[in-house]
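The following pair of complexes shares a single chain, chain A, combined with chain B in the former and chain C in the latter.
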Partner chain A sequence: MNVIPIAYWRNRKVYTRMIGTKCKDCGAEFFPPVRVCKKCGSRNLEEKEMPKNGSLLAYTKLSEPAQEFKEYAPIYLGLIRLDNGVNVISMIADADEEKLKAGARVQATVRKWTEDGKGGLVYYGYKFRVLQ
Partner chain B sequence: MSRVFISSASALPVSEYWTKSLADLMTDVASKAIDAANGVKIDKIIVGNMMSGYANHQEHLGALLASSLGMRGVEAMKVEAACGSGGAAVHEGYLSVKSGEYENVLVVGVEKMKDMDTPKTTKALAMAESSDFTQAVGASFISLNALLMRLYMNSYNVEEELMDYFPVIAHKNAVTSPHAQYRKAVTVEDVKRSQVIADPIRLLSSAPSGDGAAAVVLSAKEGPVEILSSEIATNDLIVAQREEPLRFLATEFAFKRAMQKSGINVQDIDFMEVHDAFPVVASLALEAMGISKRGKAPQDAADGRFNMGSELPILTFGGLKARGHPVGATGAYQIAEAFMQLAGTAGQNQVKGAKLGLTHNVGGVDTTAVIHVLRRVE
Partner chain C sequence: MNLNAAILGYGAYVPIYRIRTEEIARVWHGGGAGPNRMKAIASYDEDILTMSYESASQALSMANYPKIQAILVGSESKPYAVKPTGSILSDILGYNSTLGVDLEFACKAGTEAMQLISGMVSAGTIDYGLAIGADTAQGRPADELEFTAGSGAGAIVLGRPNGREVAKIKHSVSYVTDTPDFWRRPHDQYPMHLGRFTGEPAYFTHTTTSVKMLFSETGMKPSDFKYAIFHQPNPRFPVEVGKRLGFTDEQLRPALLNDDIGNTYSANTIIALAKVLDMADTGDMIMLASFGSGAGSDAFVIEVNSRDDDDGYVPFSERLRNYREVDYATYARWRGKILK
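The block that comes next holds the complex of A and B.
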């Protein structure tokens, strides 16, 4: 077992809807969610859904991913700046290296992440794809 | 408070030890260090290690080593800070001696990675970053560094070729390094032609995995080398949550404190063991310490500023890249190497007249930075 099912269940809102946090005191937004604001130190935070559009800052093609992803190798990962200025690292769906350029517009979608062995649970979450 | 000296140091060649266990590696290297310290009585054992639970199904390494050394009754424990575990263990040993509570402390860094296959090793290394939010999305440790390297190259307009000088320096120094894993010189062309692991990081631009152990005996009694300062600082665990991903804040903080506490000038440092897990890590570390201007470390490396015999030699026994990177042991290797340089026992790798050295060990992507400043006792 390479995925911890209960941890996946605990984080499902983050994985499928990209729920992060917003600081009620200074307005800073974070993804994934934080318990304490990294800007002002406040513990007064609320849930905030992240925008699904952003721009690609950098990407990498990974030929030897960790074991739960090895059957999907190579996988593409992107460092993305969402339209609210928050950075996120995500797998890239339907990757086409021709279109993976710094500055490319990308959008979040929900896809299969991995499967826990044969007949095991299937895990879904956000991946970004390049917009035409 | 006591001053803290290093009485002795020992380092096993980084290799693939199929016939030796974790306890064997630790016991071998610890015995050598204790013998070299004239068999002093050890009051405390600290083991630096990152992944023995996952890699070798073994925890409780303090007791494992104490027991193997036949030291019933001695205090012992393990310290963990990912790839910075070895440096963190030395830090804890330093504090123990400095406190005045302990006379002689044995610090061992150990990692036995070759018990795992590659996908399992990838998983183990990824544990330095968030399980819930980074490993879950498929990002491995090397891929985080690859994204950073791409961002660095884009931001500072640096060609990949320029970054390849770090592995070239490391391998050149490793040729005569008795405990190095890869004692073979490489050229920029070799690096450029090697297999891509996580674009733009290649096989020859990433530190290899291996088995290894290094040990030092720290003492309140004067020895050949003194530790002037030992500092640890942290940065955001999740790399994506850093506002300025190209700033190594943990290194900046630890370096600043280390300089203040040791009271030395940066210009007086004779050599540095920098955490060169990847060229981008070495670059950002040198820039965080103000050795190079931002975006200029690769050019400085290409210009020969960090070669042996130049103003500031780095990676004097091959660094992580060529000496090898048995992750939780690496920080202890750096201290053992600095000891050899300052005690004048570095052989063909000797930095002539070395009086002051600095080691920089990192856990994660500058998530934990451990900096030691050491001096030769005249």
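The block that comes next holds the complex of A and C.
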């Protein structure tokens, strides 16, 4: 298992609530959060929850994913443009290849990412699914 | 007990995947089917935490995200034996100044959460609370429970009546006894049950007793209600218990779900309530009676007010029409029934 429990815990609001950052000087938004604005260089940033809706730009299918996800193969990874313009790479929940088309509307939910065997922690985080 | 609580929002979530009971019977019995047509099954990445999140998100959105002070999650399929689901959920939903509690009473843990939060709201100790019932029910392979043990979650946001509530919870009673109809010991993966014993001494006795107590305490009778919701362990029991108590098909039919999704355990009656609330009109009275093995039943009197029109809200029955069937091998893989 490559997930470090304390590192996950520190970032849990990023993983489950999609807390990113917004530059208080130029208004640019980032996910995952950054300490320095990539647009204007300001360090004057605040936490900002990302919108949960967006559009699918592209996707890929992993038949041989990393060890933590091996038992869930195949895994679908999507490149998603959120409604605030921020791009996110995310696993796709309930993936149906017929509906994974560029431009498809998607919505974030919370799913199990992986678990550390039978006795370890369960790791939850955002995944996107295609809206029906 | 008299209650002065209101349903401000509700949500119901059932996974998109179904398995036909014909498919289960094909594998274990060479043919036939279970008492229900299909059951809903959680995907490999779903559990009661993720399904609770789904149903709670719907309920909180409908209630316009009030300041929740108690999150009670009823379930018998918790991801952790020790580590509360309520606290994980509070973090994900963004409510940390809250009570976070897990409850268990077989299939009635969800209505226990409703009853407890209704009591706290009525007493004035909290303003708003979130009651959830959720399960990924366990059925031992080849056991008759495997036909019906399904997955789902229901959530209710409760507060005091404010004139814009979805419904008022006016009265509730509970009846419990030590009845060994169904149980699961620590570390066991699947529950044990006593087959036909689960009917008369357990389901029917406790459900009819709680509903008669409700009638006695409120002076109400079956004809006072537009809808009657009973726990649905299979398609037959809720109809039979309803008829014994004097309810009609017209009162019982709108809540029936078991044929399509199976028994969602702690979520069972809350999901059925969501289905009924979707179609109910102002002034309609609802009688709801849960049942939990072990055994007990909670009964409620609920009076419908109204629900603000929300352009984004999709009625539960409409969402149920969108499903995908999987075969037994996929179901067995996802639900941890294959040894590796």
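Basically, the second predicted complex is superposed on the first by the 132 of 132 C-alpha atoms of A that agree within 3 Å, B and C clash if a C-alpha of one lies under 4 Å from a C-alpha of the other, contacts with A are read in each partner's own complex, and residues count from 1 in each chain.
Everything that follows uses one rule, which is that a residue touches a chain if its C-beta (ideal position, glycine included) is under 8 Å from a C-beta of that chain, and two chains touch if they have at least 3 such contacts.
Here the structure is a predicted model, which is why all the values come from computation and not from measurement.
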Since both structures carry chain A, what do chain B and chain C do when superposed there: clash or fit?
fit
To make sure I follow: the centres are taken over C-alpha atoms, the vertex is chain A, the ends are chain B and chain C. What is that angle to the nearest 10 degrees?
150
Check whether A:Lys112 is in contact with chain B, with chain C, with both or with neither, and answer first, second, both or neither.
second
Under the stated touch criterion, which partner chain does A:Asp94 make contact with: chain B (first), chain C (second), both, or neither?
second
Touching A:Cys26 in the superposition: chain B (first), chain C (second), both, neither?
neither
Check the residue A:Gln132 against both partner chains and state whether it touches chain B (first), chain C (second), both, or neither.
second
So in the superposed three-chain picture, is A:Leu62 touching just chain B, just chain C, both, or none of them (first/second/both/neither)?
first
Could you let me know whether more residues of chain A are touched by chain B or by chain C?
B
Does the superposition put A:Cys40 against chain B (first), chain C (second), both, or neither?
neither
A:Asn11 contacts which: chain B (first), chain C (second), both, neither?
first
Shortest span in Å between Cα atoms of chain B and of chain C, once chain A is used as the common reference:
13
Which chain A residues contact chain B in one complex and chain C in the other?
72, 113
Mind pulling up the chain A residues that touch chain B in the complex?
2-4, 7-8, 10-11, 14-15, 30-32, 34, 38, 57-70, 72, 75, 77-79, 87-91, 102, 113-114, 125-126
Could you please specify the touching residues of chain A with respect to chain C in the complex?
12-13, 16-17, 71-72, 93-94, 96, 109-113, 122, 124, 127, 132
If you look only at chain C, which of its residues touch chain A in the complex?
16-17, 43-47, 49-50, 53-54, 79-80, 88, 91-92, 94, 322, 324, 340
Footprint of chain A on chain B - complex, ascending:
118-120, 122-123, 126, 130-140, 142-144, 146-148, 150-151, 154, 196-201, 236, 238-242, 245
